[in-house]
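Below, subunit A partners subunit B and then partners subunit C, in two separate complexes.
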Partner chain A sequence: MIKIKFPKLKTLDNVKLHLDALVVGAKEAIKPGTITIEYPRERRLLPDSFRGYVLFSPENCISCFQCSFVCPANAIGMKLAANNRYYPTIDYTKCIFCHFCVDSCPGAALRPTKVHDVVYKNMNEMITSTEEMVKPPKIVREDGYTVEYVIDGVKLILRRIKEKDNLIPEFKPHEKVKEYSACVMPESCLACGICVSSCPSEAINLSVKEKEKELKIDKERCTGCGICVKECPVQILSLVRE
Partner chain B sequence: MVDLGLLGLTMQHFIDNMVSIPLIQPLIDYLLGIPVIGFVVAIILWRPMFALLIFPGLATLMTVLLFIIWFERKLTARIQWRRGPLEVLRWAEGIIQALADGLRYFFQEVIVHRDAHRPYFLQFPILIFIPVLLPLLFIPVGNIVGIRTPYALPITVAIVSLIPVFIVAIGWASNSRFAYIGTVREAFMYFAYEIPFILAVVSMILVYGTADMVTIVEKQSIPGIILNPIAALVFFISTVMATSRLPFEIPEADQEIAFGPFVEYSGIMFGLVMTIAYEKMYILSLLMSVLFLGGGNGPTIPLLGDLSAVIWMFIKTMVVMVALSFLRSIYARIRLDQALRISWTAMLQISLLAVAIGVVLNLANVV
Partner chain C sequence: MAITLEWSVKIPDRAIEEKYWLNLKKKVIDAGLCSHCSTCALICPVDGIISADREIDFPDWEEKCVDCSACVRVCPRYDYTPLCDIGEYIELTAARSKRFKGQDGAMATEFMASALEMGLIDRALFVGRDEEWRTNIYHIRSVDQLKDTRLTGTKYSFASVLPEIKKAMKTSKLGIGVVGTPCMVSGIRKLQSEFSLFREKIKLVCGLFCTENFYHHQLYEFLKEKGVDFSKLIKTDITKGKFIATMTDSVVSFPVKELNDIIPHGCEVCIDFTAVESDFSVGSVGSNVGYSTVVVRGEVAKDVLDFIRENNYADFGKVIPEVIEKLSNLKKKRKKNIPEEFRSRIQEEVKPEESKESKESREKESEKEKTEKPKEQEGTKEG
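Take a look at the complex of A and B:
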């Protein structure tokens, strides 16, 4: 057993240590290094890539279901809209704010915001419909200052800027690569028609004459969503680039 | 003139011994002319009653209590990089937080648990105000003093020494584990600080050659802290121990034994027992400013008359109280055995040294 002995200090050293503590206390009492952010009245400056509330722009959506497939919490459901296309809805009771959906979206239809303080009255309200996802949520802004943590040498200090932070940052979508679906092995086609019925933009046309079957994919209409690729039972469809 | 009838006291009796404040003298004269209000004003401004009700008595005690609880929290928070109480009266940094807490305590249920000794459990938090408030009668502020007696200092010390007895009784009546632990700690701390504390006071009695506090204040052309700094140090550390401030917050120790003797209290009863330490701190700070800082001595402000002594005394007391609160933010709590070792070795030795200095100064007849 190792016994740690109480350090023996000389009386003068002891007095000096007490005085040091008193001086440090007095210094902090006069000029404290408080780093508390008074949250509703001031907000922390968040990075533009902050993973908050997800916004949706339907004009960019190609109904590829990618967000729904990738969601690890199974929070995204696809709802059939009036124009016969499927659009995502987010259940915020399940969402873990990983933003895999935003990253995986090929058309940049989903985009991140810095909004992290939306209040819901009940659990049903938290299942956000597509219409609600289009516009930013209603939140009460009480903040007059934006606060930023700055490392000044070895000290962490707060810098206060007297302006409101823009919670919906400008989103720079990645460059789109035009992809479209193509049949790579037409001889294996079963002519089952699943791809035709699964296509949300009605770009696939199947004609069967006797033993001749022809799968026509309209390049103009095809959005490259890849649903037919996933649905094809013999896996002969593939997304190809121009 | 209104006759009180009882004891043959007349209004003139009070007016003869009234606090003189030249600044508001016309207002006082006007109020004295009104039949009933005049009598009330005369009684309130009668010097002993002024000492009891205004300063250093009830009104100041309550104000200081409300202030120092807030101030202690705020200062500690500031030093520890937090914000402290803020939301109640935001523009004044939450200064009425203690008042808000008190109101909340007032409307909260007082739970008396089954095992408690019900009569004592409910009586002692109220009875403890006798030893808390009585010393205020003997503490002089200039020429305002409740009771002037040559034995003022021994009486004050004796009454202050009664407070731990009541706390031990509270712990006994609570009848719970934590309360017992806290009570035993309180008793140990009582033995630890009492002897150095009394020796420090005795050394000051020797220095001034009298125990009459009015004379003590009059004799302090040089403040006592310069005459006998060691006694001042011992008195200060004993005050820290007696009021269970950090680093000697051993009996209450809210992180270990959840306020020790007061653990079973709730509602306004907890409010009462929680403030005991602060009230004791106020009395001992007053005593310290009388013994070591020259009491109400200071440059006289002619416009305020008797109130100038009040103001000087208040400032000195508040400085002592702020110094006591300041310790909370920089020290950790030490163990009971460490505290006992400090008090029975170092403190006892330097308090004996303080007595020796007192004897030398007494024989040399310095003051």
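Take a look at the complex of A and C:
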């Protein structure tokens, strides 16, 4: 066991520290709000990369399941939607806000927001369905100011901006290296067509001729989601970088 | 690695204008040619083909079958080329492992263990058994696992070894070793000729001398009627025309001919006794008691044998090739059961020095000892 000893200070330093504390106390008494933020009437300015509530845009989703695979807390479930596609749902009782799902999403269908203060009345409410994920959650905003912490040397300064912070920042998806699926061992192909039926963007085509089956991957259509690579029973497909 | 966006796959002709699975069912399974080697179950992309203790089946083919033709392409009996005799070999020897205990000389185990030690393979598929002698497949990853002698010995029941190759392929980095009956060896070879993927990964194929194999439930019922108590059973063997079941306190023995009624159809049309296509084959026939006969055919198996010699892992003995020939000829008589269209493909080794009479007399002799050891499979429980 390590015991941490109280640092032995020189008398002069000790006096100085006490005086500093008294000055801060006096300042706070005369003009309050110099060291603390009055949440919820004020909100702290958060960076755009803040990992909060996750939004979802179904039109970008290719049902590749990447988010649910990558989720370390196992919070993401894939539910069958009316259009026969699988979309994610997030269980916020489990979510650790690591945003691996956002990072892994190949189509940028998942976007981060700065919302971190959603109130739930019970545990079941925290399992967020796909429909709920499309719109930002309802939160009561009482704030009029946005407060920014500025550290100037050793001094901490609070800067107040009389503007409401936009909690849903414009999301610029990181530029991904374009990948596409290709066959690396054509002579082992079973021609079973599982890749064709699994492809969400209809990029693989199988045509049956008299004596052979022809398979073709449309590079332009392929989004590089890797579903076919995963589904191929003999594992002969692979993602190739452009 | 050749990367391609466009490729084509040749598809075989259909015998009937139905899904390929129905072609297979009609031409092989219903025709009584199926050897239960399970190669189709291995390749089926939807895992629909079931290889269990009954005929190979695809119960929900109507909804699941994608009609890919893979099962037809890999089936060694769809376009059957019956093989027979001992075939070409590099070395014929008899040996007894110093490290392992098996049916006879435990050479199948020894070869696989040595291959594991050499770093040639990192997975070996072995057949073990449960209390009722049902077959289970075990993935062997270290030599120590094979030292467990509790579950070694011949089972005489079909085992679904080949479907396990699919699982082993995913985890194996170096290669896979497989021990199987001649039909399974043929299945693997057909698979390798069709799909190059398996050519690289399946490195060592051990064939076992085999006259026939049984469905577990049929053999179980039969042996139970004969008074075999499976909880005490420690070894089954076929020697000199007798089936011998050794239990901890007694021995049940009967002429192997009595088993004729339960021989599956697939075995009736098989004339391959020594697993001609294997890298090496192992059996008890042709060597002294306690020794296994080893027929080394491939260069890889030869390397393993040299490794065994170098490390002095086995004692070597004498082989009597005539006995193997005798039994292989005995099995060859089944060619009368093979449908006409395939029978013409049989390529027999011509032995000019043999007269018809001597052949006949020899066959009569060998009839007395109808079957020798058909199968040797050692397996151990993992962990």
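We take it that the second predicted complex is superposed on the first by the 165 of 242 C-alpha atoms of A that agree within 3 Å, B and C clash if a C-alpha of one lies under 4 Å from a C-alpha of the other, contacts with A are read in each partner's own complex, and residues count from 1 in each chain.
Keep this in mind: contacts are C-beta pairs under 8 Å (C-beta built on N, C-alpha and C of every residue); 3 or more make two chains touch, one makes a residue touch a chain.
None of the values given here were measured: they were computed from a predicted structure.
Of the two partner chains, subunit B is the only one touched by A:Ala29; subunit C is not. Look at A:Ala21: by the touch rule set out above, it reaches subunit B but stays clear of subunit C. A count of residues in subunit A touched by subunit B and by subunit C gives the higher number to C. Contacts of A:Val240 after superposition: subunit C is touched, whereas subunit B is not reached. Applying the stated contact rule after C-alpha superposition, one finds that A:Ser188 touches subunit C and leaves subunit B untouched.
Touch criterion not met for A:Asn122: it reaches neither subunit B nor subunit C.
Touch criterion met: A:Glu38 reaches subunit B, while subunit C stays clear of it. Across the complex, subunit B is touched by residues 21-22, 24-26, 28-29, 32-36, 38 of subunit A.
The residues of subunit B lying in touch with subunit A in their complex are 75, 78-83, 326, 329-331. On the subunit A side of its complex with subunit C, the touching residues are 182-194, 208-209, 211-217, 219, 233-236, 238, 240. Interface residues of subunit C, counted against subunit A in their complex, comprise 1-11, 43, 45-46, 66, 68-70, 170, 195-198.
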